[in-house]
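By letter and in written order, the chains are A, B, C, D, E and F; residue numbering begins at 1 in each of them.
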C-alpha cells in the first residue's frame, strides 16, 4: 500500500531536510522506534499536561512547527495538552511601533492602561491566533483563550518589590500588572472533554472590565496546579538545572522539590532561572504532580522528554 | 423579604437614572410587565439567536451596558445567544496610531499583511475581549472566538468589484479581505451546550496561517444560516426599513423576502442599507428562520423586539 | 416585528384591565423592569421552591390566574416549582351537599371513612385538577399528585390534643387525620427533571389502602424540608408578621427563626398565625433554606416577593 | 434457606385459600410452571402493554387483588404496563348520593357541568387512587393520571347519534361527553422510563379548563394506538368472541381484523360487545399490534393470557 | 390467544415428560404459582449472584438443561447471574486419552506444563463452550471467559500442604496449581451491564504467559466476594449441611458463619464438605452477602432455592 | 527526566537486540520518525481494523511478540483492532497426539464430532488464550472469543466441492466444517466500546449445540465485512501479489478489485494464494473498505504497512 493523505497538509509535516535525515533508516529501525514509545503512550493516555511555551521556542519557523507537531502528537495519542504562551518581546516591539517606551521596576514592566491594552492585543490577538492557526493546520482543533474568557483567570494587582539598600522592601504600584487569584478549570475541562486544545494568553480578568498582564510562567504554574496536571512542561532557553553553570557535566536530570529551594537560597540557581524555578515550586505546591524544565531550542524537545527512555530536561518532583 | 444579591455586581445592572425612572411604578405595574413577557419567554426557550452587534450600538458606555444586559436576560431565560461583532472604526483608529492610512476600493479596505494583523488584534484582542468582559461582569460566561479558533470560519479571498463606466465589472485583488466558505457549527454548539455565550470576531482562517478580514454582517448571516438559527437580530443605525425614507409613517414592521429583493432593485432601499439587506437575504437563503433589522441606538432594543407585543424593528421573513 | 403567539392562549394572560394599566408606560420603562429582574433570575435558576397555595389566594378567578401566571413565569426562567394546595372550605361544601355535618376537635375535623374519601375526591379529583388545568392552559405541563402516587406522602394517624381545664392534655382519635412520616422525593425530582410541575394534594398513604387527610401547611413544610428546597413560599391571608397587629408600621420583613419561637411563646404571634408559623419552623428544621409568609390576596404576590428589590412578605431564616 | 420478605406485605400476596390450593404441588411441578413462562417472559420484555380494566374485574376484593398481582408480575419481568380504568357504576352511585338522576341518550349519559365534575372526582379522586394504592402495596410504584395531567388526553365534544325511525341520524349535544383528539405519549413514556406504572382515568382536557367524560374502552384504544403498544388487553365480562353465543364450542381464540368487521355487520357480534369490538378495531387502526378480549371475571386472566401456551381470550390481529 | 414462539427453540424448554407432569394442573394453580414467585422477583431484581456449577449438576443432559433454564429465568427477571464452572473429571478423562496419568498430593493434582495446557483446553475450550452454547440456545447471550481474558483472574502458585506424622506441615511445589490474587470486576460488570452472562473457567493468569489451574469453589468464592455479590449459590452433591450425617432430620436450612467454623473444628462437617465450607467462609469474608449450599442433583434446584418460600438448601449468613 | 515504567513489563517490549539496533540513532532522528507517523495516527483514529493472524506470523517467539506490540500500538493510538486467528497446524499436531489421522477432501479436513471438539479446544482453549495472554502482558486488555460466545458467528455446514474428471462438480459432506451465516457485531462493538481487544477463534455456532470449524481467512473476511471495517489486514507468508512470481520487481503495491478477479481467472494468481484472494474479494463485497495482504514474516509488518509512507504489502481496493 502507498498511503495517501489528502486531507492533511503533508507539506507542513515534513520538510525535505527532515525527510532526508531519516530515509536511510531501515524499516526495522523505524518500527522499533515507534515501539519504544509504546509504554509511554500507555502511561500518559488521558493525562492532562500543561506546556509553557515561551519566547525561546518561538525563534524560528522551523522550531515553532516542531513544537506544534509535538503537541499534535501528544493530543493524537490521548494526552490532554493545555498551552500557556508568553510574548514579552513582541509586546515591546509593538509598543515601540506606536512610539511608547517601557520602563521596568524590578524586572516588571510599568503598565499603564494603554500598555495593558496593547499587551492584550499582542498576546490574545496575535501570538495566540498564530499558535491556534498552526495547530489547526496540523488537524488539531485549538481554541485561543485569554483569562477573560468565562473568567478563566481571575486576577488582582501585583505590586513590584524594591529591595532598598537599607534592607527594607518597598512595594510599588506599577499599574496593570497582576497575579492569578482563581482559575476556571471547568472551562478548560469542558474544552478538553470536547476534544479541543486550549491555548491560553497570560491576561487576567480583574474587577469589572479591568485587564491585567501576568507573568506567563506563573500563569502556567497556576493553571497546572488548579488542574492537578500530571506534568507541567516548561520550554526555556537552558537545558535545565546545573549544580555548576560552567560545567555541562553537572546537569541534573531530576531533583527533589526541597533541594531546589536550597539551591535558590545558596545561590546555585541564579539570575533568570530563579523566577522560573520559583514558578515551578509554586506549581508543585498547587497540585501539579511533576514539572520538567526543558530546552525549548532543542527540536522536538517535548517528544524527547516524554517518549524516550532518557528524557532531555530536569524534572522537579 | 429584602433581597440580597451578594455575588452579582448590582451597580453594573442599575444606574441611578434608570432606577429613578421606574421607582414610581406600582408593584402591580411591575408584575404585569414581567407577565407580559411570559409567552415570549416560553416561545423562545431553547432557540438559537445570532446577534450582529456593530458600531452603532457601541457608541456609549450606557448603550453597551444595555445591550449586554439584554443578552444576559436572553441567556438567563433559556435562549442560546451567539454574538458576532464588527469594529471597522476602531481598526481605522489603530491604523492611524501606527501611521498607516487606509485606501478603499468599492467600500472595501485594501488590506495588506500588516493591516490584517492589526484588524485581527483590534477585533479579536480588544473589542471581543471588552464584550466578553462585560458579559462576565453580568454573571454570563462568555467565550471570545475568532474564525481561527478550531477553524470556526474557513474563508478565502474576496475580490472587490469595480463597476466601470462602460458597464463592465472588473475584479480587483485588495489583499486579505475574505468571505466565509464554511462555519464550524460543532464548536458553537459545543459551547452553547456547555452554557457559554460565544462572541465571534469576523476574522477568517485561510489556507495555512493566512488571515482574512471579513464583513461582520456577512459573518453573522453565514453563522445564523449554518446554525439554522431561529432569528438573526441585526443592530443597525436605522429604525428598520421604510418605503419612503423621508416619511416616518412609511416604516415597515414586516416584509416578505421577495419584496425586499424588489425594493433593492427598484431603489427603495438605498445606500448603506443595501449591503445589510443583502446580508439578511443571504442569511434567509442559508437557513435562518427570521431576520430582524433593529435600531441599535434604542436602549434595550433587543428586549423590546423580542418581549413586547409590538416589537420595534423590521422583520424579513 | 409584530409578535404572533398562535399556540398560547394570550387571552388568559392579559385581561383588558391589566393592559390598560400599563400601556402608558414607555418602552424604556418596560425594558428596565425586565432588567431589574435579571439578577434574581440568575440567582434562582435551577433552585427548587415549594409554594403552599391555600384558600385565600383562591378567592377569585382573577387571583387564581395571577398565581398561575407567577408560577408559569418561575418555571420558564428556570426555577423548579412544586405546588402544595389546600381546600378545607370545598370539602365542607361537598360534605354538606351529601348531607353530612362535620364536627371539629381542637380545630381538626373528625374524619370517618366516608369523609376521608370525600376529602380525597375534592382535593385530588377537583381542586388539584383545576390547578393543573390552569397551568396547562399557560403552556406549563403540570402533573397532579396525591400522597398515594408512588407513596409520595407516607403517613400515619395523628391524634387531636385536648388541653383540659386541669392542665392535662388528652389525645383523642378523630379518625383518618394523618401526619407525614416520609416523602418520596425521588418522584418529585423525576418529574421536575423531566420538565413537569408537580401539584400535590395533602392526602397521605397509610398502611395497605388507608387514606389520611393532612394539614396542607404541614405537607408543604415536609415536602420543602425533604427536598432541601431553596424556599418555601406560603400564600396566606395576612401580609406577614407584625410585632403589633394593630400597627401596620410594625411589619417585619425578616426575622430569625429563634425570634419567631419567642414571639409565639410571648403571645405576639396569635390565633391562626400560630400553626402557620409552627409549620414554617418545622420546614426550617427539616432542611428548607428560607421560608416566606406572603399575602396571597395581593396580585402577583409571588413575583413581587421574588423579583423585586424590596419583596413583600416576612421571611424567616 | 427460608426466604424472608420483610419489606413486602406478603399477606396481600397470598390469601390462605390460595396457599392451600397449591401447597400439595411438588417442588418439581412448581419449578416447571415457572419454566413454562420463560419463553413468554423473554418475548415480552421491554414491550408496552395497555390494560383496560373495567367494572367486571372490579367486582370483588379478591378479584381486584389478583388483577393487581398480575400487573405487578408483568412489571417485574420487564413489561411496561399502562392501565386505563373505567367506573360508570360508581359515578351513577355517587350521583344518586347527591340526589341527581342520570338520563341517557343512545347509551351515553347526558352530562352537565356538575355531572362531569362528579365523574372526574369519582374516577380521578376515588377509583384511580384505589388502584394506585393497591399497586403500591405490592411494591409497584404507580402514578394516577387523568387526561388533564400535562394534557395527557386532549379532547373535544362528542355528539350522541340518534337513529330515527325514518332512517335519518340526528346528532344531539349531551353536554360534557368527549372523544380523544390527541394523546401525550411523551408523559407516559417519561413515567415508564423512570419505572412508574401509569394509571389513567378517562377524563379529557378540552379548551381552557373544560372537562370531558370519555368512554374508557376508547381511551384505552387511543392510548394503545398512540403508544404503538405491543398489546391492548381488554378485561371484559365475556370469555371473548363466539360465532354462536349459545354454543360455548363456537369460541374463537383468534380472528383477523377484517372478519371482526364482517361479524359486526352480519349481526354475529351483538349488543354490548359491539362498542368493545369497535374500540378494538380502532386500536388496531391507530397502531396497536395486537388486541385481546379477555374474561375479567377469571382469576389471573392477564397472566393466563400472556404466560401459558393456550391463552384464554380472543385475540384480534 | 394461542401463543406462538417462533424465535425460541421451545423444544429445548419443555420435554414431554415435564409437560405431562403439569398439564393436569388447573389454570388457577399455574397462575398462583407464578404469583408466589412475585415477591422474590422484586427482592432479587438487579442483584448480582454467582453460581458455582460443578460436576454433580452436570451428570445428565436433562439436569444440564434444567440448570440452564434456571439461569435463563434468573437473567430474564432481572438478576445478574455470573457462572463459575469446574470440570476435574473431564480433565482426568482427557489426560488419559493422551496417555498421561495424574498423581495427587493432598488432594491436589500435580500439574506440569502439559497438564495445565490440557486443563485450560478442557475447561476453557470444551466445558465452557458447551455451557455458553446451551444458554445461547435459550436466548440468553453468554460469554465464555477464562481468568486470562483481560486478566480476569490474576493468580500465583499455591503450594500443597503435607501434614507429616510428626505434626509438622511441609509445603510442596506441585506445579501450575494456583490461587487467585485479584479479580477484574470491571470486566464482569461491563459484560453484565451490556446484558451478557459471564461464564468463567477456573484458569488463572500468572506472570507473563504462565497459566494456573485453580479450584473452582475458591474461584467462585473470590469472584462473589470481589463483586460484593448478593448471593453465592454452590451446586453440590449433598442436600446441604447436617448436624448428623446419618439423620436426614438433622438438616440445617440456615446456620451462622461462626457456627460453621465450629462445626469444621469439632468434626461435624467432614470429608469433601470441608473444602466447600471453607470456600463458603472465604466468600463471606471477602464481601459476599449470603451463600447457599444446594443439591445440584435436584432438578431446578436454583429456582426452588430462590423463588419458593421454603427454599431447599443450607444458607450460611 | 529519566522515565520510569513500573507497571509495564518493559522486558517484553524491548529485547536487547532491538535496543542495540537503534541506540546509535540521534534524538532528532527518533523524534522525526515519531512525527512521520503523526498524519497516519490522525487518519486512522477511531477506525475499526480486522487483523487475520495466521500460522506464518506465529513461527517464532520474537515474531509473535512483534505482532502483539504492533497491535498494542494500534490500540493505544486510537485504532479499534479486532483479531481473527487460525491454527490448522496445531490442530493436526494435537490430533496426532491422540492418535487420530486427518483425511482431506479438496483441501478441507474431514471433521467428525471428536475432531471438531479438538479443533475447538486447540483454537479456543490454547492458541486464543496465548494471544490474549501476550496482549495482556503489554497492558492491552484482550478478550478471547469463539463464534459461540453470544452467537458471535452463526454458521451452517459447508460441503466440499469435488471437480470430477468429466467436468461435473460433486458436493460431499465432510462433517463439521462450516461457513458463517451471521456475525454478532453488537458483541464486538460492545467490547471495543468498553476498551477491550476481541480475539476471535474461527469456530462457528450451528443449531442447538452443534460446533463448526471454519476457514479463518473467511471468518476474518466476514467479520470485517459485517463491521464495515476500515481495513482488513491479512498476515500471510508472501510479500503480496506479483504479476510474475519469479520476478520480485513485478510486485504490486495496489490493485483494483476487478483486476484481482481477472488475475485469478487468467492464472496469474495461483495455488494457496487463490483462496486468500477469494476471501479478500469476499470481504470487499461484504463492506470492508480496503484489504491489505502483508508478509507476516516481516517484523512489525503491521506498523510498516500502516504508519510509513511506502507501506509494505499489496492493497486491494
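In the analysis below, a contact is a pair of C-beta atoms (placed from the backbone, for glycine too) under 8 Å apart; a residue touches a chain by one contact, two chains touch by 3 or more.
Since this is a predicted model, take the numbers as computed values, not measurements.
Participant: Moving only between chains that touch, what is the shortest number of steps from chain C to chain E?
Facilitator: 2
Participant: Give the chain pair, either A-B or A-F, that is connected by more C-beta contacts.
Facilitator: Counting C-beta pairs in contact, A-F comes out ahead.
Participant: Looking at C-alpha means, what's the farthest chain from chain C?
Facilitator: Taking each chain's C-alpha mean as its centre, the farthest from chain C is F.
Participant: So what's the Cα centroid distance for chain E and chain F, whole Å?
Facilitator: Centres of chain E and chain F (C-alpha means) sit 35 Å apart.
Participant: I'd like to verify one number: the distance from the centre of chain B to the centre of chain C, where each centre is the average of its C-alpha atoms, in whole angstrom.
Facilitator: About 44 Å, centre to centre.
Participant: If you average the Cα atoms of chain D and of chain F to get two centres, how far apart are those centres in Å?
Facilitator: Centre separation, chain D to chain F: 58 Å.
Participant: Between chain A and chain D, what's the gap in Å when you average each chain's C-alpha atoms?
Facilitator: 70
Participant: Please output the residue numbers of chain F that touch at least 2 other chains, ranges allowed.
Facilitator: none
Participant: If each chain is a dot and touching chains are joined, what shape do you get: line, ring, star, complete or other?
Facilitator: Looks like a ring, each chain touching just two neighbours.
Participant: Touch as defined at the top gives a ring of chains. Read it off for me starting with chain B, then chain C, then onward.
Facilitator: B, C, D, E, F, A
Participant: Hey, which residues of chain A end up touching chain F in the complex?
Facilitator: These residues of chain A touch chain F: 1-3, 5, 7-8, 10, 13-14, 18, 21-22, 25, 27-43, 45, 66, 69-70, 72-73, 76-78, 138-139, 253-254, 290, 292, 298-300, 303-315.
Participant: For chain A, which residues are in contact with chain B within the complex?
Facilitator: Going through chain A, the ones touching chain B are 9, 12, 97-98, 117, 120-126, 129-130, 132-134, 136-137, 141-146, 148-151, 187, 190, 194, 196, 203, 205, 208-209, 211.
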